[in-house]
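Have a look at the structure below before the remarks.
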Amino acid sequence: MIRVALAGPRGRMGSEAVHTLMKNSSIDLVAVLDYKEIGKVLSETSIFPANYEIPVYNKIEELLQIEKPDVFLDLTTPESVYDHAEHCLTKQVKVVIGTTGMSEKQSSSLQKLSDENQTACIIAPNFALGAIMMMKFAKMAAAYFPDVEIIELHHDQKLDAPSGTATKTASLISEVRKPHQQGHPEEKEVLQGARGASYQGIPIHSVRLPGFTAHQKVIFGDTGQLLTIQHDSMSRQSFMSGIVFAIEKVMQTNDYIVGLENLLTEEGDLR
Amino acid sequence: MIRVALAGPRGRMGSEAVHTLMKNSSIDLVAVLDYKEIGKVLSETSIFPANYEIPVYNKIEELLQIEKPDVFLDLTTPESVYDHAEHCLTKQVKVVIGTTGMSEKQSSSLQKLSDENQTACIIAPNFALGAIMMMKFAKMAAAYFPDVEIIELHHDQKLDAPSGTATKTASLISEVRKPHQQGHPEEKEVLQGARGASYQGIPIHSVRLPGFTAHQKVIFGDTGQLLTIQHDSMSRQSFMSGIVFAIEKVMQTNDYIVGLENLLTEEGDLR
Amino acid sequence: MIRVALAGPRGRMGSEAVHTLMKNSSIDLVAVLDYKEIGKVLSETSIFPANYEIPVYNKIEELLQIEKPDVFLDLTTPESVYDHAEHCLTKQVKVVIGTTGMSEKQSSSLQKLSDENQTACIIAPNFALGAIMMMKFAKMAAAYFPDVEIIELHHDQKLDAPSGTATKTASLISEVRKPHQQGHPEEKEVLQGARGASYQGIPIHSVRLPGFTAHQKVIFGDTGQLLTIQHDSMSRQSFMSGIVFAIEKVMQTNDYIVGLENLLTEEGDLR
Amino acid sequence: MIRVALAGPRGRMGSEAVHTLMKNSSIDLVAVLDYKEIGKVLSETSIFPANYEIPVYNKIEELLQIEKPDVFLDLTTPESVYDHAEHCLTKQVKVVIGTTGMSEKQSSSLQKLSDENQTACIIAPNFALGAIMMMKFAKMAAAYFPDVEIIELHHDQKLDAPSGTATKTASLISEVRKPHQQGHPEEKEVLQGARGASYQGIPIHSVRLPGFTAHQKVIFGDTGQLLTIQHDSMSRQSFMSGIVFAIEKVMQTNDYIVGLENLLTEEGDLR
């Protein structure tokens, strides 16, 4: 059993993570860290069932000293994340951080701490394994099929187009694909915008309709064939398998790793 | 057996139509009309097999008088179509015309001829039944689900975007859908063109990649659900079922009808 | 404003319907009927917000007499539905019933009541407009493209395969499609079950995976082309547009109508 | 320029390969090998255009001695393939073989020849790069998402179900995925076959309709998300990019390699 402590149990992601870890038979949720006085155990918080008798701490020092977790899972804000990680790494407690927005300076000094203490630290800006695989496969495919377009489909309350995932996918693709002129050199838009946005020459099309959540198709075209990689994300639940994956992985390494995609590669080699 | 005469047997569409009619057990291809001297029977033309002993005529008068077809299927050019139809209708021979580009004047005088002679004349600018149904269903759905976007995907040798079918679909939809603001009022394009082209407020996205032929998806979004109507056309073969359909239909009516969609409606009512 | 009274406000569907009607600007939710003493107004029930001051009745006679609704929307159980409808129709109050499982006898005597009182009664076993349209379009398409297969995809907690919607779709299709042998006469399953289940000769394939909710694709194949009609249902929310649709429709008729598909046809004709 | 000699220029695959190599600017088709006397140059064969003045040989010894190709591309039958490869490898001419059905014994002695002469030999039973990537990605994804189903769709003239690609994909997946019970333990088929065929517990669904060519979807389900990898093959053209890829690759190695997927991995590592 992996002994895990979780910071931020009441947040949107945090509360779902609590349920996920409680259900997981190979993980033991030994404690949670909350900056607020919410009671001695989680079950005292209305949002959790009566049998969740997980001790709640307000001070990380106490938590680490008393509960001695193998892994500290941090789902709080960039403000507190760095301080938490510093405490853990100096005490050789492995860390999984699910947040974005740490500064370059913070990131590099965490790496230093991780190296000095030979203690693993995984930074995961995105826990959606499916989206990460979609991007990884798209990058691999682009090396052989340079003609590609991206269609991303989201609910109609989303403000920005294209989505961050779409532009990230396009930028990963443009790292590997052979430079070339895509589509017909003389193609023209009878209606402006028909051919979508262009990122490094890769067309991106953004659909916005009620009924969608967060979806993306990456379509590669070659003479006589098509290869399509699609990810559909229906809810925040889609992050849970990535959280468990990161916890299992952090137990197998002492390194400082940014992005679950790098753990995927590793995994890939094993097989 | 329906006795059919075909004009334009050597054209791209014509030659495939010849094969289709020869294979059809309820249709008897009794003659073809060709402006060129290509021999006494089709089999003398290298592009047809030896057993295609269909008499070839260069004069429509002769053809009609000698072969007495039930239906005259015209797959030639706008130039000759009108003259052929005139001959047929005055002799009470039903006509199916598979061409675009007749003038308003020609069209209305053909209608007059059809009425006077109580002889059916079907004008079919598009024989692709699947595309016609897609448009019909899209128009029906738009009455209940006003939020809709169109994605059309074609080979990368196509010059214009969006496709004619996409804009026609959008214009049919805008005839019935309740006027309304689609998407988020404050949505913005971080990359220009991401949200596609807009036809009457309906976004259209055009994908161009090798491997595609001619495809279209019409996606309707509603709270908690999506309805998608998709047509994939792989080859000119997709017109053949529409040609047979038109021939069967023209036998059941004496009217002047433009567009197979109107025959579909009829059919729809029967059921 | 259409004055609507709702029976069964605390049920899964009922509670969502309450929210939907409260938000709708052309509908006025004037009262709810509940067999339990849950307070004078809905807001007294914990599951509804404080501003939902909708009077709660336990007796339908009182509700009808005092609130005089235009439409009585019944989302309760088959046990109580008949009795409610009887009261409404005799008092010329239009009825929309969202339930299955009334007996033939009850159904026919409700029709009699509806006729005698010239008061509309709509029975809607299924409020998912998208699914209803999918079935309607599939039936229409089958008249022209007799080769069809159905793929339905659901979450992996669903016990039965295929889904009720899939078999209903297949039975609707088999009402209209020309009888014929589908697939290759000598095709054989190297692995048993590969070609799916067969309903009236129509193959049905059932996919069960986490991540899916309730989805169906009806694929029609013809030489050189494909026509696909797909419905994706993500949540119970997908019933709400059908409930509003039924309320609007019941105001325009005095008939007894079973199944929203019949209202669609009507609608279709108007356009 | 890579100097390529091709064996089997008149076969279905061979004739398309000739066109592909002629068009490719980094490849020089220096000769073809044909067991038949078809003329001094390809252009004398009716199936090729007048400007295809590629010398035709009937004896491989002559061809190798006079034309000194860098790569010998063999698209003939298993009968002749081995003999050709033996000649090439002993003369240090790299070989690409696009055929299946060599015996274990032949295969291992070719490997021996390749090693002794330090000359590359690539055996490619399948040139469809898209299908190969689909299988590779599916295998990678299965390590993280063990719940998976396969849908393969082919034209209705195909006799066997499921397709060879589908079963191969399933067997690759079962090499890596964690063993587990898929779907609901108590799920039952109301109609037999609904849940498809089962290969190592992976459901496979086979659709057969006119309009399809050769298509496959591999769908991975996880809580709240789906990952889909799809390949659509429209024509034999889909093999051409794989042929060029193999020729480029064989120039960069001296090894004996079976299956383009192994070259992909290599490629993958480079990036």
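Lettered A, B, C and D in written order, each chain numbered from 1.
Just so it is clear, a contact is a pair of C-beta atoms (placed from the backbone, for glycine too) under 8 Å apart; a residue touches a chain by one contact, two chains touch by 3 or more.
As the structure is a prediction and not an experimental result, all values here were calculated from the model.
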item: Labels of chains that are neighbours to chain A and to chain D; value: B, C
item: Far-end chain from chain C, centres as C-alpha averages; value: D
item: Centroid distance [mean C-alpha coordinates] between chain C and chain A, Å; value: 39
item: Distance between chain centroids, defined by C-alpha means - chain A, chain B (Å); value: 49
item: Where chain B and chain C are represented by their mean Cα positions, the distance between them in whole Å; value: 36
item: For chain B, residues contacting two or more additional chains; value: 211, 220, 222-226, 232, 234
item: Chain C contact footprint on chain B (complex, rising order); value: 128-131, 133-134, 137, 139-141, 143-145, 175-176, 220, 222-241, 245, 264, 267-268, 271
item: Interface residues, chain D side, partner chain B - complex; value: 211, 213, 232, 234
item: Interfacial residue positions of chain D with respect to chain C in the complex; value: 147-149, 151, 153, 156-162, 167, 182-184, 186-199, 203-212, 219-226
